[in-house]
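Structure, as structure tokens:
Note that the chains take the letters A, B, C and D in the order they are written out, and that residue 1 is the start of every chain.
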Amino acid sequence: MSDIENRKLLISIIAGLLKDCNHVAVGASSPIPGAAALLAQELWGQPKHLNILGSVKNNFFTNGAQELFDCAAQGRIDAFFLGGGQIDGSANINLMGRGDYPNNKPRWPGTFGSAYLYMLIPKVILFREEHSKRVLVDKVEFISAPGTSDETVYRKGGPYGLLTNKAFFLFDKEKQRFNLQSVHPGSSLEDILDNTGFEFDYLADVPTTPLPSDEVLDVMMTKVAPRLKEVYPQFAEAVLAA
Amino acid sequence: MLITLSELADKVPDGAKIAVPADYAGISMAATRALIRRRARNLHIVGVPTSGLQSEMLIAAGCVKTYESSALTLGEHNPPPAFNEAVLNGSINIVDATCPAIHAAIQASQKGAPFATLRGIIGSDILQHHPDWKVIQNPFNETDDPVVAIPAIQPDVAIFHAPLADRDGNVWVGRRRELINMAQGSKTALITVEKVTDDNLLENEEFAAGTLPSLYIGGIAHCEKGTWPLAFWQGEDENGDHIRLYKSMAKDPAGRAEYLEKFVFGEGSPS
Amino acid sequence: MLITLSELADKVPDGAKIAVPADYAGISMAATRALIRRRARNLHIVGVPTSGLQSEMLIAAGCVKTYESSALTLGEHNPPPAFNEAVLNGSINIVDATCPAIHAAIQASQKGAPFATLRGIIGSDILQHHPDWKVIQNPFNETDDPVVAIPAIQPDVAIFHAPLADRDGNVWVGRRRELINMAQGSKTALITVEKVTDDNLLENEEFAAGTLPSLYIGGIAHCEKGTWPLAFWQGEDENGDHIRLYKSMAKDPAGRAEYLEKFVFGEGSPS
Amino acid sequence: MSDIENRKLLISIIAGLLKDCNHVAVGASSPIPGAAALLAQELWGQPKHLNILGSVKNNFFTNGAQELFDCAAQGRIDAFFLGGGQIDGSANINLMGRGDYPNNKPRWPGTFGSAYLYMLIPKVILFREEHSKRVLVDKVEFISAPGTSDETVYRKGGPYGLLTNKAFFLFDKEKQRFNLQSVHPGSSLEDILDNTGFEFDYLADVPTTPLPSDEVLDVMMTKVAPRLKEVYPQFAEAVLAA
């Protein structure tokens, strides 16, 4: 499976997760989630409302940079994407850095809005292409945003699942563990076990992630690529239109 | 109210707490270079809610004592070399927050409120490390309900770049409302603008809706391409080649000094 | 998203908490009459930060259970007869506040914050009588520093009149930012508009700066002169003669019923 | 002294109180303070910034109805005007009504922003034309906004003075009492004592309020009246241009 095919697969998986959403927001430097949200709109007319950071045409916020956070706190954002330099088996994410805070090495950019949005948006999809023990760790070295909270803490949102270039996991909120849902073509359960730094639940006969249909690939090329070009011209050209 | 860039930089005293916006909202790189030229020291930067090349360069030039924000990012050009070096050797104070808390603290100052409360955040390690925040019981709930109390941040000055000013000293910021919050939440605002119009912005209801009135503004410098080499809204594109040049030169203190000599103190930049 | 006035009124259930603006910001008297025609009951009005003829008429028509605001004023046409009678005989609940506290409560809801804090107010008798506010110690100050904590107000619906909507359901409110706060702080917004344009308001940066996006809006009714007999911004003037007619008829319940029969249920008003 | 002459006198007194201000705000239904602020601008170029509620030309607020209050809390408004159905000798004001709250008779409109602005704006000028024991009472029946506060309460603002159609008092913050400064032509110390419901300090030879000069009256007619017309056309015509 080529990198391009893999990315198209990721786009189609995410799109499927967004079709029950009214309003999806996509953060900075996120061409794959952005493409996925546009694909869902093209295929199902949902999400009805979409904000892609950096876009003019697909960004309706008019109340400044705080509107994303206000909107989430109002319960008006159904899905969002978070990544992390480290993600652990309890769905904690680390955007701060490796080593001891505050003198991290390396230091990553910082926590951004994750400590807030993860607590408030119902369907947060953890998305990180790299699937390795370096990223998927047993315990993050800094919790930018926690995967779970005890019941006294106000929490309307949290992790829905974790998508990498090898597999898709659902997060089981009861067990506070990831559950492997499917493995992408080209990988295997063994490959996932070898490259994941945390324990997770799985079935021995874990399904293979289905490839996007020709119809879906055609919509990516003819409908999504032209819309995504405004924000991610190189990605739209190199991946979607290829 | 129209002043020169160096007059504008002179209005920012050493030790000032300065609020600057995120890259998408209009960064006054022109004012940044003017601050470096006037050898500003001990600045406390508040990135609302994040910052990028602007803060990286101020750190590279030794202007910064404290960096308070939710991130410092150069986007695809990460990592920022001077910032990461300063983090590692502890040469600047870092106050790590999360975006909505920075907005809430600025908006509390805008309302003259002592503090704001926010949901979320609890469980994040930034809470333990933040010097100012407190977790309090929600007084309106009889059962356990911890909320984060965030004291107001009142910067001495907000600094940013906007598309348009009029001769009466009003500045149009459009839908970038965080600039209005920052200016009103700060003691004053110093602004560079792309254009100056002879028409009063408040006399046109469409423009008035996105205008910061002169009451809140301490000085405006007319400075085309004031965000260079960063992008400006949908107009001026980012000069990626120049940012890559910065990155290639800025690997160590000597290289950074050379960059500043050439592109800030010297003739190598448009402002 | 464009619906009729009666469809709009049907979206406001009995018992709803409705936020309405002050007279200078655009009152939907058209929606007010539609609510009276659908015989809405037990409404909880939040006047942001005050209200006038709109609330007086809803009280006169028996639609109101609670009136929460900083004032009810008809300006030069004071006093409001139905309101003053209801106050005297205790037939509606009155929650008296002060303007900035109403704004702060709405803005707290807009931010999803449990409560806001404000300076001032301490020493006013409204504080003792207010059912929701608490005085707490500022947790950031070690010496005595009482501050007023004001819980968020989340109305079920914000109702107002605006100049312009587009066919995608966005509404331009210009510099009347409290309308944006009210809409975002409420569960939804129902809006009457003077005009509908075929151009998308968000595609023009000047208009976008003053536009409430469709996400926050539950319905828009196209209704010219929707503020009649009140003024509308700088456009439509107040019909003082009609308000004097209301006052002359509304001295007692029978007169008020006659007024409503003629000018709300009947053909005597433009909407 | 005619009503018109008296009102011009009030305008000129208030104007004199505003000449050291950078930013003055004037609330609703306030033609005399509005005229005074415009007069001060015409005579001294101060206040530099002016917001007259209801005006378009003299109202620069662009952040909605909350901006007045936010601006006051930021310390950016130097002077403001408050009235009251009752004002007492401790400078407490009552905008709520007579009788027992909440079933007042009469009920007045309500407290508006007074409970906030009185605490935050340094120079609040109490202004009420009617000078009677009905209005100027020993103790208000409801404190919409308190004249004084104990020192634990955050207070940057408060009463500067009280102007009526008969006299001008300064408020002595130390003594927490009004001090009669001048009596307008046509009234007298005896008249003031007879018609004031609270005790106040005064000199036996209290000065008479000086009348506005012909030059000032001319500026009112030629410069202020045309500007005030936008908001208060009848008042501008009937009083200023007369």
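To be clear about the criterion, a contact is a pair of C-beta atoms (placed from the backbone, for glycine too) under 8 Å apart; a residue touches a chain by one contact, two chains touch by 3 or more.
For clarity, every value in this text was computed on a predicted model and none was experimentally measured.
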item: Between A-B and B-D, the pair joined by more C-beta contacts; value: A-B
item: Far-end chain from chain D, centres as C-alpha averages; value: A
item: Where chain B and chain D are represented by their mean Cα positions, the distance between them in whole Å; value: 40
item: Whole-Å gap separating chain B and chain C, where each centre is the average of the chain's CA atoms; value: 36
item: Chain A and chain B, separation of their C-alpha mean positions in angstrom; value: 29
item: Rounded Å distance between chain A and chain D, as computed from the means of their C-alpha atoms; value: 59
item: Of all residues in chain C, the ones touching two or more other chains; value: 100, 107, 111-113, 118-119, 145, 147, 175, 180, 208-210
item: Per-residue overlap in chain A, given as positions that touch at least 2 other chains; value: 61-63, 66, 69-70, 73, 120
item: Touch-based graph of the chains, sorted into line, ring, star, complete or other; value: other
item: All touching chain pairs, where touch follows the definition stated at the start; value: A-B, A-C, B-C, B-D, C-D
item: For the chain A and chain B complex, residues of the former touching the latter; value: 28-29, 53-54, 56, 61-67, 69-70, 73, 95-97, 101-120, 142-146, 149, 152-154
item: Chain D contact footprint on chain B (complex, rising order); value: 109-113, 170, 180, 184-185, 202, 208-216
item: Residue ranges of chain C touching chain B (in the complex, touch as defined); value: 100, 104, 107-108, 111-119, 132, 134, 136, 138-141, 145, 147, 149, 151, 173-175, 205-210
item: Complex contacts: residues of chain D adjacent to chain B; value: 23, 49, 60-63, 66, 69-76, 120
item: Sites on chain B touched by chain A in the complex; value: 21-22, 24-25, 48-50, 69-73, 75-76, 78-79, 83-84, 87-90, 94, 96-101, 103, 107, 118-127, 129, 143-147, 175-181, 234
